[in-house]
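So that you can tell them apart, the chains are marked A, B, C and D in the order they are listed, and the count of residues begins at 1 in each.
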Amino acid sequence: MKPDDTPFDRLAVAGQVGSTMYDRDRVARRLGMALAEVRPGFARIAMTVGEDMINGHDICHGGYIFALADTACAYACNSYNVNTLSQAVNIVFMAPARQGDTLCAEASESNHAGRTSTYDIKVFNGADKVIAVAQGQCRSLRGKLVDALPVLREGG
Amino acid sequence: MKPDDTPFDRLAVAGQVGSTMYDRDRVARRLGMALAEVRPGFARIAMTVGEDMINGHDICHGGYIFALADTACAYACNSYNVNTLSQAVNIVFMAPARQGDTLCAEASESNHAGRTSTYDIKVFNGADKVIAVAQGQCRSLRGKLVDALPVLREGG
Amino acid sequence: MKPDDTPFDRLAVAGQVGSTMYDRDRVARRLGMALAEVRPGFARIAMTVGEDMINGHDICHGGYIFALADTACAYACNSYNVNTLSQAVNIVFMAPARQGDTLCAEASESNHAGRTSTYDIKVFNGADKVIAVAQGQCRSLRGKLVDALPVLREGG
Amino acid sequence: MKPDDTPFDRLAVAGQVGSTMYDRDRVARRLGMALAEVRPGFARIAMTVGEDMINGHDICHGGYIFALADTACAYACNSYNVNTLSQAVNIVFMAPARQGDTLCAEASESNHAGRTSTYDIKVFNGADKVIAVAQGQCRSLRGKLVDALPVLREGG
């Protein structure tokens, strides 16, 4: 896809794409995720560890930490308004998260080439301690995420 | 930890460890995961994709597929009755899962050396199509999972 | 690409594709790699750790262990006679390799869907101890590896 | 290990650790790698793609790109003067490298907790195009790299 020729506000487009995704995203809403920031190639998302996310070791189940990291990656890689999917994610768990912790995941594009892009992702707790570090590999598909908005980059 | 010297049924021990983990594992139960099989170094776990696991693209959110894969890995790597944690997981998403699909994750030990072990994990749908392939890297800690049972392998 | 309709010997085709790759593969030859086996979706390759592969800790540099693992993956994923590249590899180092060790890497297809395939890779030493475990993610391109031979699978 | 109490120049220590590693590192020298920069938690290393690094597709073999990335990670994670090993690396290949390209790998610590640290690694060509993106997971052992120098951080 070619980016739109007419001038537009890239930040505003990325923000609107994020809001539209969020409206459709039952999982993010149900898990109490909040969209803190979306810019082209970047997203920050917050989530509080609820009682039902705690495993038998009394720490947050890795699946929910991954879900938060993967969601930040999804909002970041779709921010150019080109449909894009996480194809692979490598996550390293660094420290446990506890019930009541408000976690924050940041995903930032490290590179893109053609339809492939990579993202550095970090999950922090409220004390800015790193809970997990991840690397996402994404692939853009055909089609816009929001038809009424321009795409921000050729090929996604 | 050294394995117990008295004879015992390894399969029964692994199964009891799995049951005990499951009793403590609110996340697995709340997500409707069912323990299909636990043997030393292996676990198979099933989960049906519920409406609240569906994302904005109308497919199962990657976080839940990861949670199932990671849970299978956790039951497999703890099956020796030595406390063991997933330290890192690399997941590759191969095909989408849909609402109502009953997914099945199998984790099988590929190697262990000292306190580190690796697991090959696959997530299948009901038609035996592979939804995701993952590689888990685990690290055993001090301590048994179930005090009353023997450990099945030195170092975990 | 569609597989050929006429009957042929799949094992022989995979073997010839491997031999042709090897003839073009200066790196494999220069590092003393030997093609032990190539079947559709599988390759086994051997290499002896030479003095110039030893790092400052007196063990084999991870780069050469990776090179052997990646080469096994390349021969396995190209065995269907469709041009295919490693796109990503996750490697876990399990034990050191020493000068003079003859290492053997096995790559085995764990899944494929469309143009993406995944491979489980293990590197053993001569005592069958696992030196490294890896997961490869490959992508097939257009074009045959050997024009005169049929392709063994649609899409690679 | 506890860091030294007496004041010292951290940058100078990291640089001397790097030089000492390089003196012992036959592989890096034989592959023509040049140490461009070593700081605490960071290393930049250059290598020119030689004729003997080219594979059958006329591009640089992934093993050499990995070797460069892994070497940058090794110099970065050892820069605190605590013996540290790469335990796992996930590499994503983004673009091919050609014969004669001078590649540059940068490894930068993304997090550390106890004896585990993670590194973001990028390999660039001379036109600053990203050839590969990688994530390294390292583990510090007992012992200094250079006995005569202080350690720069508790636990590595």
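Everything that follows uses one rule, which is that contacts are C-beta pairs under 8 Å (C-beta built on N, C-alpha and C of every residue); 3 or more make two chains touch, one makes a residue touch a chain.
This one's a predicted model, so the numbers in the text were calculated from it and none came from an experiment.
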| item | value |
| --- | --- |
| Selected pair, greater C-beta contact count between A-B and A-C | A-B |
| Copies chain C and chain B - interface residue numbers shared by over half, same or different | same |
| Most distant chain from chain A, judged by the mean position of its C-alpha atoms | C |
| Distance from chain C to chain B - Cα centre to Cα centre, in angstrom | 29 |
| Distance between the centres, which are taken as Cα means, of chain C and chain A, whole angstrom | 34 |
| Rounded Å distance, chain A centre to chain B centre (Cα mean) | 25 |
| Chain D: positions in contact with at least two other chains | 87-88, 90, 92, 116, 137 |
| In the complex with chain C, residue positions of chain B that touch it | 90, 92, 94-95, 110-111, 113, 116, 118, 120, 122, 130, 133-135, 137 |
| Partner chain B, residues of chain D touching it in the complex | 87-88, 90, 116, 137 |
| Chain A partner contacts - residues on chain B that touch it in the complex | 21, 24-28, 30, 51-57, 61-64, 66-68, 70-71, 74, 85-93 |
